[in-house]
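So that you can tell them apart, the chains are marked A, B and C in the order they are listed, and the count of residues begins at 1 in each.
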């Protein structure tokens, strides 16, 4: 089963998509298998991180923004705006594809794990995430 | 085939788990396919790196500890201890899921590759790694 | 379907392999499924990034070379040359395995995405990438 989700993002930052993924999974006939998420963009990322305390996410964003600042003299690729080259670098440091095992229609995430779409650009619109669900043999 | 391994860690650092994975694989009936490892935690990571010279691992740990130090003024999430926020950042920079093809019951690792569970916290206890083995069609 | 490709690299830097992967895919009988790429080395990486404007790649390489420079006093693993320990660190920050869904014999990459083999060493020769193609049920 393969489906492309169009997810709305409202600017730079971590957008939790665990609920969207869970809802999608609930509508599939597959009970157990492997879910692969693939992001079709080079200036955003997929991340599994803590979804309990929002201060974790805030510190993560601040830390990455400091590591990969805008306006670095090193950048020559500047035509698409000050947020573009930092976005490509962050996307390289983070993940474009993720795999999560599924058991009895549940993502096998740990207690504190959520799935996030990390938008690196000042962008409001849609991003595409392909979901591929491979069923276990029965 | 899906199984959750509980792996013992003895504090911060790289713990090689290649042997544990190989032993698990030897007990399965599947001969060829794809092994996916999924870590159910947000303050530890999975890594494939050189397992020959221990100085590589030592330098890796030192380098990451310098890049993501404890006590950074940037952190606001400090209630869970000085090692907590650096652990979340390292877990974001490294991998939560990994895939390794399997051929005739052997992991298709390169000569120098080992699989590691990288514990980022001062933690002694157990971490859970889900192993998902998808058989190739025959 | 599992096959190991031997890919030629001509020194440090990003080598696009999207075309090689597409050609390989065209020769397979599988129409839809999941393609997993696995790199059998600890001093090179796989990356999905923009393949349109070459200045993105140039800035990426410069940025990573500045983050992980040669000759850092921290390194104790120096016997294999000044490019060796930086290569292991970059390989840890980037990816060893990637997954891309395949639909009707096409990689489901976004418009601007290409697949790259990132050689971190001053190395001319061959690197091995395992391709594993899992067919969807029909």
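The rule is simple: a residue touches a chain if its C-beta (ideal position, glycine included) is under 8 Å from a C-beta of that chain, and two chains touch if they have at least 3 such contacts.
No experiment lies behind these values; they were computed from the predicted model shown.
Enquirer: Linking chains that touch, what shape results: line, ring, star, complete or other?
Expert: Contact map by chain: complete.
Enquirer: Taking only the C-alpha atoms, how many degrees of rotation bring chain A onto chain C, rounded to the nearest 5?
Expert: It is a rotation of 120 degrees, to the nearest 5.
Enquirer: Does the chain A and chain B pair touch with the same residues on each side or with different residues, judged by whether over half of the numbers are shared?
Expert: The interface is built from different residue numbers on each side, given that under half of them are used by both copies.
Enquirer: With chain centres defined as C-alpha means, what is the inter-centre distance between chain A and chain B in Å?
Expert: The computed centroid separation for chain A versus chain B comes out at 20 Å.
Enquirer: What positions in chain B touch 2 or more of the other chains?
Expert: 93, 95, 99, 134
Enquirer: Which residues of chain A touch chain C in the complex?
Expert: Touching chain C from chain A are residues 1-2, 4, 36, 38-42, 68, 72, 74-77, 85, 88-89, 91-93, 95-97, 99, 128, 130, 132, 134-135.
Enquirer: In the complex formed with chain B, which residues of chain A make contact?
Expert: Those residues of chain A that touch chain B are 32, 34, 47-50, 53, 55-56, 58-60, 62-64, 66, 93-95, 98-101, 103, 108-113, 134, 136-137.
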